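Structures follow.
Two complexes follow with subunit A in common, the first pairing it with subunit B and the second with subunit C.
And now, the complex of A and B:
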């Protein structure tokens, strides 16, 4: 419990920053919705003239931006990007930050097992992600209520989209963690988490453009795509399962790698 | 009873050598010196004791239990002071010590107060505001606050001023008197001689010798330099003298044996300066390689 508390305290500043960012994105983007919806006809004309590639890139091919959920689905991609970067940051940094700053010596010389250290750290990271997750829920509903201007929407669709967030976060968190443990030393977390989150985003955005190879199917941006839910009423089950499998493997792998890990000294 | 047992302990980092086939025992209640130049494998050995790294082969046992399998249990009674201390920069000293104490099954607040008073440590400051020496003090308090039965000290004196060093040595002696077994790694022969009852000498990952400090001292070489005009080097060419050289009017050599013999020889000469000093560790190691 002491490690968990300590870890959570170390993350507290970051939780706050990311939650604020996500709340801001939701409120600011949704605030544009009334103007967009008012000129729906014009908007759809403009969209029709845009290159198909660009629309694919933003997942807007089958979306009607004049509807509440259509617009929300578009802006939610930016939320997902933030969530992905945050979760990757936590994942890559969970163990490696401590090794880089040499505080791992302090912690591991204490009478605790590595299993317990890992579990405490994972739970602290998970708590941080859940707080951000909750913020996303609250501000999604809040921003829609504030700016939908009487237009109706199917709230069950919104609930489905949002319930995918936790798995989406876990994907980046656990993959970041297991990759960091495969590396001998992580000097800097940010480039790695940027590479993972933007890499996955780019795959989902442009993967569809490069022919038949279904490369985009490995990215959680595809697994938890809002557009799919809006058009089908549910997620693509097999893709969600794929995410879940990756998460489980990453978690098991992380525990195994951490138990065997050599903590290298400063010199 | 042996508190620490090391049996054919070997650690490779990939292909790089850490230590090779190291075996020795540390008995209960002794202050055991572990001496060797940088890169010899001192830290590797201690890190293996702490379970920070895993042995390639062989085993280390503390309190009769394997350092990896029974790691958490063993570490309940181990105090560790690394050569370089690193702590959570944004924490206050007091919070760090409290966090550290929270891992042990006893109330350490009294000890924290006592030790920080002794080391003149300001508990209210943030870690990142502390100087190197002050961080080291945090390390000392942190390593001792749970009254460990075994102290693992990895070059503990670096960064401490002589006064603090003295205080620290007294503290270690006191802990030892109260029953703690001390494993003291260092590359400074002098401080090991001051404190330890037995020493192991490690070089290039292998133990060269384990011996009583008294034996080591009696076997110990002195490095002697005699300055003065017209001093002939052959005067000092007696039994026990090695590496006799003459340069710019000064004669330098190593001597092992009764020091009075050399003092008498020197007194027959008109000298401008005499230096008798401990040879550096490297110079001693040269002896072990001959």
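And now, the complex of A and C:
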């Protein structure tokens, strides 16, 4: 319990900053919606006449920027990007920071098992992610209510999109954790988490351009794509299962690796 | 000179990893493009679209079925990847001495602090140039299969120059924050947050014309691939702006680092 409290305290500043940024993204982007919707309605009329192949090629069949949810789906990608960076930051730093700061040998000298240390740390990280998650929920609804300007939307779809967030966060958190444990030494967390989260983002953003080549199916940005939910009412189950499997394997792998890890000490 | 060589050597691993990411990205991009290349069906479709629609989607001159047009669309993702690498290096080169507790040792050497910055900055600049050349080389090799014309080469060279300028801006930002921030651990994450904010500004600036002024704040928006393609030149006004930003940031880095209270 002490470890849990300590970890959470260490993360508190970061939780605060990330929650504020996510709230800001939601509010700022959504504030553009009223102006955008008026333009987009015009655009939609023209687009309705266009060949379907072209729309598919540019991934525009899925997005209707004139509707509340279509626009929300677009801006939510940027929220996801922030959530991904935050979660991978926490994942990569969870145990590696102790070793970098030479406090790992101190911690391991305490009368707690490694299993317990790991569990407390993972739970603290999870709590941090849940707090940010909650902020995303609150501000999604708030920003939509503020700026939808009387346009109606299906709130059950919004709930589905948002309920995917926790798995999305867990993917980056656990993958970051297991990768940091596979490395002999983690010098700096930020480049690693940027590579993981931005790599996944670019892969999915670029993948959306043209059909074909299914490499983008490995990225959680695709697994939890809002556009898919908006069109189908639910997530693509097999892709979500893929995420879940990756999470489970990463968690088990982390426990095994941490239990056997050779800890670098100060002297 | 010693500092420069030492830093460059220490950075090789990171450089290899980023080069690998860039090349992987090129491979993925071009394998996607292969479905599109010279597909007459696509051309017929593109011809059938009213001009106003294309304009509003800013697709007008990026004819997706030519390798030039395709490369134009890839530009944004290129600049994103390379800018992140530059920002990371910039802030890391300065702050890692304090993190790894080697800063006292480095500063007891008979070199001035500004010389240390110069050596480190040069090493980072060389790393950026190498990564940029890797990106350019990878693209040129990958494009060979699609009969690139001379227009493509001009466009590729010019946009890589633009890319290099964007890299330098974020590199200078990283070096400045690494020198100026009191708490060295924050330097890295602050650089990244600024990069993210400018990226979001890029998106917002493209969404609404009234917010177009935001492009002066987002280096990603400085050099529009469309304009490079059409006018075969880089907008000199934005080159000046970029140089101005870089000079100010670097001057700030020298000033603050020479007065820096080191965290030991």
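What we mean here is this: the second predicted complex is superposed on the first by the 239 of 267 C-alpha atoms of A that agree within 3 Å, B and C clash if a C-alpha of one lies under 4 Å from a C-alpha of the other, contacts with A are read in each partner's own complex, and residues count from 1 in each chain.
Just so it is clear, a contact is a pair of C-beta atoms (placed from the backbone, for glycine too) under 8 Å apart; a residue touches a chain by one contact, two chains touch by 3 or more.
What you are looking at is a predicted structure, and each value in this text was computed from that prediction instead of being measured.
J.: Thinking of the overlay built on chain A, is A:70 touched by subunit B (first), by subunit C (second), by both, or by neither?
T.: neither
J.: Give one of first, second, both or neither to describe whether A:202 is in contact with subunit B, with subunit C, with both, or with none.
T.: A:202 contacts subunit C only, not subunit B.
J.: Quick one: is A:105 in contact with subunit B, with subunit C, with both, or with neither? Answer first, second, both or neither.
T.: It touches subunit B, and subunit C stays clear.
J.: What is the contact status of A:190 with respect to subunit B (first) and subunit C (second): first, second, both, or neither?
T.: After superposition on chain A, A:190 lies in contact with subunit C alone.
J.: Is A:35 in contact with subunit B, with subunit C, with both, or with neither (first, second, both, neither)?
T.: second
J.: So in the superposed three-chain picture, is A:164 touching just subunit B, just subunit C, both, or none of them (first/second/both/neither)?
T.: neither
J.: More residues of subunit A are touched by which chain, subunit B or subunit C?
T.: Ranking subunit B and subunit C by residues of subunit A touched puts C first.
J.: Could you tell me if A:220 is touching subunit B, subunit C, both of them or neither one (first, second, both, neither)?
T.: neither
J.: Is there a shared patch on subunit A that both subunit B and subunit C touch, and which residues make it up?
T.: none
J.: Quick check: in the complex, which residue numbers of subunit C touch subunit A?
T.: Residues 14, 17, 21, 25, 28-29, 31-33, 35-36, 41-42, 45-46, 48-50, 52-53, 56-57, 59, 64, 73-74, 77, 80-81, 84, 88, 92, 96, 99-100, 188-189, 192-193, 196, 200, 203-204, 207-208, 210-211 of subunit C touch subunit A in their complex.
J.: What does subunit A use to touch subunit C in their complex?
T.: 21, 25, 28-29, 32, 35-36, 43, 46-47, 50-51, 53-54, 57-58, 60, 78, 81-82, 85, 89, 100, 187-188, 190-191, 194-195, 198-199, 202-203, 205-207, 209-213, 215
J.: Hey, which residues of subunit A end up touching subunit B in the complex?
T.: 2, 6, 10, 101-106, 108-113, 116, 260, 262-267
J.: Over in the complex, which subunit B residues touch subunit A? Could you list them?
T.: By the definition above, subunit B touches subunit A via 13, 38, 43, 47, 50-54, 71-76, 78, 80, 82-84, 86-89, 99-100, 102-104, 142.
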